[in-house]
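Order of writing sets the labels: A, B, C, D and E. Residues in every chain begin at 1.
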Amino acid sequence: MLTLNASQLDEFFALIEKKRELYLPVENKTGKSEYKRWVEGDKYSTALRTVKSAKNFFFAKSENLYDLKMDHKNVEVIDTREDIKEFVIFGVRGCDVKSFDILDNVYLQDPVDTYYKNRRDHGLVISMACSKPATTCFCALFDIDATSPNGDIQAWNVEDKFYFNPLTEKGDAFVEEFKECFTDEDSKPVEKQKEETLNIIERLPFVNLNMEGFGVEDKLKAIFDRPEWEDLSSTCIGCGTCTYVCPTCQCFDIKDFNVGDGSIKRFRCWDSCMYSDFTQMAAANPRLTQTARFRQRFMHKLVYYPIKNEGIYGCVGCGRCLVSCPVQMNIVKVIKAMGDN
Amino acid sequence: MSVKEKTEFQPKIVAFCCNWCSYAGADLAGTNRTNYPANVKIIRVPCSCRVNPIFILRAFQRGADGVIICGCHPGDCHYITGNYYTRRRMTLLFSMLDFLGIEKDRTRVEWVSASEGGRFAEVMTEFTNDVKAIGPNRKLEDLRCKAK
Amino acid sequence: MQKIGVFVCHCGTNISATVDVAKVAETLAKEPGVIYSTDYQFMCSLAGQNLIIDKIKELDLTGVVICSCSPRMHELTFRKAADKAGLNGFLLEMANIREQDAWVHKDREEATLKAVALGRAAIAKVALNEALIPGESKVTKRALVIGAGIAGMQAALDIADAGFSVDLVDIEPTIGGLMTQVDKTFPTLDCASCILTPKMVDVQQHELINLMTFCEVEKVEGYIGNFIATIKKKARYVDPDACTGCGLCTQKCPTKNVLNSFNLNLDNRSAIYIPFPQAVPLVAIIDAAHCKKLQEGKCGVCAAVCAPKAIHYDDCDKLVENKYGAIVVATGFNPIEVHAFNEFAYDQSPNVITSLEYERLMSATGPNGGTVLRPSDKKHPKTIVFQQCVGSRDTTSRGKTYCSGICCMYTAKHAMLTREKYPDTDVYVFYTDIRTPGKGFDEFHRRAVEQYGVHYIKGSIGKVVPMSNGNLKVQASDLLMQRQLHIEADLVVLAAAMEPDKSAKHLAQQLTASMDNDGWFTESHPKLRPVESPTAGVFLAGACQGPKDIPSTVAQAGAAASKAIILLIKDKLKGNPCVAHSAENMCNGCGACANVCPYSAITYVEKEFRMPDRTTLIRRVASVNPAVCQGCGACTVACPSGAMDIFGFSNKQIMGEVDAICQ
Amino acid sequence: MNKSELLKEQVQRNSGVNVLKCMRCGKCSATCPNYDVMEYHPHQFVNMVENNQVELLMKSESLYMCLTCFACVERCPRGVEPGKLVEAIRLEAVRIKENNHLKPDQIVKKLTDKMPQQAIVTAFRKYTK
Amino acid sequence: MQSEIIKRTVELFNSEEIVRAIGWRKGDFDYDLNPSIFKSSEDLEKNFVYNDFSSANLSKFLIKISQKEDGKTLVFLKSCDTYSFNSLLQEHRISRDKIYIIGVPCEENLDPSKIKAALGEDVLSMSCDGETVTVETLDGTKTISKSEVILDRCLACKSRKHVVYDELFGEEGEVLDSKRFDQVEILENMKPEERYSFWRTELSRCIGCNACRDICPACTCEKCVFDNRDSGVENKVATNDFEENMFHIIRAFHVAGRCTDCGECSRVCPEDIPLHLLNRKFIKDINEFYGNYQAGDDIETLAPLTRFDAVDVEPSIVKTRENVK
């Protein structure tokens, strides 16, 4: 397997950055890690998760769509899309890699979202296998193998060595391009780490939750009508933190910024189904109470999405909402309450 | 205006003036033909207490380099107490902007009565010079409003 | 779709000399929403106004922007023109390119650019303007005057003479106020009663004045033009309509040892009494606290002797409610209590008295029929010492920081009258400063010194020690002679500071009229609106607003009355439509807006809301009374949710201006 | 700032008295029980400090005639507190070395049996450095 | 303590004094307590937890209940929460007569993320006994000293006094002499450029999730200006530096003089932005300029921005004062 010594990592990064934009998790001042554009001196963070997910690279927090220029009575539409440079995201965990598939299902189906596709086409994902999962992780529940993540290239970090395995054509080409960086070594340490990690994953508290009843059409109505929604959502503050840290939440709003000189910048930005002013563009939000909005979020991830997408759940078990929710409500508590666990 | 003046940095300055004292003071400056920089543009408000911190930030967002709020002298407010509230609000707001590292000289409150036309012009000249000295607003700008 | 017309004025050459008006008109024509733009020589001329009117009609304009002089100059002119053309005047905005542009800048290019920016701001604003119609409210053609001293009487007479009904309320059983206790008035030395009692009779006989003596204002609600006052008629136990004021009951009443407050407790009266012979109404009243019948159930002498059967022991307090269009406050003043100034031994010796007590001693209706005799032994005092500034200009907790204004004059009056009546008396006056602004006032004071030989000494009494014979050892300083004086006096008279009447505070709360730290009513503007309270429809007469002498009081009462008449003469009040309003669905009911409102225009109501999910909930929300709101906007910033906004100066309008100016 | 002004400032700072608050009513001197034996009277102390004449006061016997009864402090309608001013000036005077108004051995001679101990302590405080 | 509280609350349920209780509900680990409404004594007995992780301030949840529900609600309030309660009361957001308050004693709360940062993410349970925190992990039992893992806000606790309650468990506490303005002072003593870059670093992490606002017991607007399309400043996510600054400046300004310094904003921020420093700066300024004021101390004193003094300092003090660089 292709390997690289940890000591050569920065050299590798510098080389990538010469030809592409490189993003990777770096520890910030609070001790947590977050994706950032690599600059000389940045150290790759091996932390389990970044606070924000990696979805921002393809589904940006906010993104300009086009400009409208008004000249007296005439309106001119200006496409403001700039050419996107090829970029590489390094160190994406298995759960986040899986989230790209979930987003693809939404944005790459007809009609294709060209803004999303544009970014997707220009991005290359180097994933990183997990070796120290947290008790709040439950990707295994959704059949994600964190020890062997997807991506254009999958990677492992065993002690002071990094192992790479290209999975796609894009990955192959990349490896070829940077072949002088790698040496070829035995992959036994990887196998060993995989085994050890799987051993831990089995003992994680949420990987064996009972998912029966979710994701099937004939149980939809029953789950929808469960009385537990009321209690579970009773202290939901509707802040949307869960949706903003979630790698699979995919809703956006389209808004106008009036520059004031007769031109308008139309942009889209993340939205949250937890907000009372969600989906107001057509009329009013059809979900009138926080309970309804709360239910919507989990119904979408656990029932509607899998029904539409061959049983794939809209959750990847990254555990971010378990950490971030201000009132400690989360999808695990919902699954437990609804799924007879 | 000389060529030099035209090429130097010309700040945009928004002045919120209360209808009863400061706006009248500005009118008096006009009646007396007292010059002050054309950088200053006045927005009339009923009372200085009408000025919401949001307006001030909005001005910076939209490209202002300085914002000054003028009202009646404390104790002389047409609405009895309005400027007392202005004083507290703006003291705290300015202190907060300073805390965030925004230049202190970009914001100011001055009490100008209807009879102080000369002072109005002096204050505006001084404030404009202060803002010129610290240069364009970078810390509270919104680049979307600069692309022209 | 906006259809805005822009009119740029040359103002002769006033504007056009510095601003390229044609270019301004041309540039502004390109602004979104603008469908017509022109420049014209004189916009405010008849021809100019007609141009506006014609274009509004012809182009069906939805908004008009005039770039010309200050709106303080011609906003009304142009709004009227717009109204004439059928466009609501509030859909017109002005850009001030004269006073705030052409006149203050020299560079033509610079001034032209600024004119464009100001024009853009006005266009941005007018695009967000709403048609506003000033609210109207009916005016109740009746005035309430609170306090029937000289100020209240004068105000009531003036208002009634103008043809409006007046309710004149006083807390005392008689009208007349403090002036009834005064002997003579400075600087003319005419007798107070001689000028006051005819006025009291005028008041009583005026068919439009309804006297409400021995009454208290309990509660006031409502707003300008529409106040509702609840007035308590205190139990008098004598039917004022039946009583003839013959006074037989007061003679027959067995309880004769009640301290006579009219004479400041210097003598006694009976339990049923007539305050003084000239009282109006001249009606007896029972002092319930001292009446044997009311206290112990035994007696009944007064009822027995009363031929017209006017006595009713079962009388009780009654509340009446009335509507008024205007309220005049004339609650007046009182001298402060001087007990705290123990260096003057007021509590130790009956021969240390206040100036008002001295008035009573000198008065023909006083305890000694006008002969000055000292209280302890009714001896004629030979040496009298007056001390000024007792509690005035005093920053300690004992006194008042202000100058009471009238003490210099009345002390001079007392000294002069004493020397005139009793030339063998030595009179000393200790003063800090002599303040005598007023017509003939200083001459009056000089007469006391020069003609009457009153000893004016710059200094102060430091200590008064009562002696066993009733005399007083007075230790004092004489600053000009640099010596300490030791005078043996028969009488010491203290010129006590003035303070607002005790009833004023409750009243101020009811009226939501503001008071200063000393409890004087605050005027709406110290120079330009001196008799108006900040609460619209409430006017201030006399010493309730600050220490005052009689001439100023009467003058101010007249002014307050005329302001009240100006209000009452209107059938309807047109409000300023640029007032605050609260969006109920956004309002939290937190109270921040009401806390900062200087006019108490904001109240709260419990409102039931139908929620989108068809449930209902009850929430407290703010409600602005547009007739009371003056539109300052303090509430709009206090409101965190932005529920509070102002018509004519809305958040959006101001932000629109900001955006346009910063372009 | 010259010496007189410095002294004025120091005396005002030490006493906490603002002489400008005086409105010249003379109440302090009127109430003073030891007025007749003093060269300068309470109101003059205030006035003279205002006029930079602290040195004159420091030389005056009046400094030691003040009984510190604080009647003037109590009665002053403006809160000027002349008594505290006198004390502060006295402090200035006794702070000067070798300028003792009284020497310790002189105090011994003045002692009588009836004199309370407090008076002796006070005497030291007042009269010596 | 927990069992005593449960016992008493069950009594109140049984005597029909209360119809519901708002408290902390047991989670999957010991630290993930969910503020929750208990509608029966059985539910409460089974699921109520009061421990070192009962950090959530429950007072804000009373607004909705006050507006909508009938019957009396019991609420458990820690000392700092009682200040928020008073503030809400003062602003008429809750009705006192519909609420029964049990004051619960508070030692410092613990910060689960500090524990995880120190001992790893594979935590199964946490408990604290005296000065030692014991943590069960997949890797076995580990311990850490309590002082290392106390919630930041509790390290600068301003008061152990319950300013309002119907019933109090434990001793009456006292207002503490906290060092809560130290960090503000450190920032004040930086150069403006340093302060600017400090705040840029912090605020640039903001994801616009609204957790700070929605948890804040002072931010109780029926419709926030930032959610209101008509306000002109609405934003769902901050699209640039300016919008980030704008949101946090205006939010801090809107709670200025009303913020009780409960610290919930910083506690819930997923990005660990020290938002409380903005609020504390206002509190510190208010104390300096207008006299000491603690929001929620009582319900009579008007908030500093809704009153004034004729001799207040002028805004120019910001330029002239010496204690801030």
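Criterion: a residue touches a chain if its C-beta (ideal position, glycine included) is under 8 Å from a C-beta of that chain, and two chains touch if they have at least 3 such contacts.
Quick caveat: nothing in here was measured; it's all calculated off a predicted structure.
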Farthest chain from chain B by C-alpha centroid distance is chain D
Using C-alpha centres only, name the chain that sits farthest from chain E. D
Could you state the distance in Å from the CA-based centre of chain D to that of chain E? 57
Express in whole angstrom the distance between the two chain centres, defined as the mean CA positions of chain C and chain E. 47
Centroid of chain B to centroid of chain E, CA atoms only: how many Å? 37
Where chain B touches two or more other chains at once, by residue number: 53-54, 58, 62, 81, 85, 89, 144-145
Can you list the chain C residues in contact with two or more other chains? 596, 638, 651, 655, 659, 662-663
Listing for chain A: what residues touch at least two other chains? 257, 260-261
Touching pairs of chains, which are they? A-B, A-C, A-E, B-C, B-E, C-D, C-E
Within the complex, chain C is touched by chain B residues 1, 12, 14, 19, 23-24, 26-31, 33-36, 38, 41-47, 49-55, 58-59, 62-64, 78-82, 85, 89, 121, 145
Residue ranges of chain C touching chain E (in the complex, touch as defined): 585-592, 595-596, 604, 615, 617-620, 638, 640-643, 651-652, 655
Interface residues, chain A side, partner chain C - complex: 70-72, 258, 260-262, 284-285, 288-289, 292
Interfacial residue positions of chain B with respect to chain E in the complex: 53-54, 57-58, 60-61, 74-75, 81, 84-85, 87-105, 107-109, 139-144
Could you list, by residue number, the parts of chain C that touch chain B in their complex? 70-73, 96, 98-107, 109-111, 113-114, 117-118, 121, 514, 522, 524-525, 534, 578, 596, 598, 630-634, 636-638, 646, 649, 651, 654-655, 657-659, 661-663
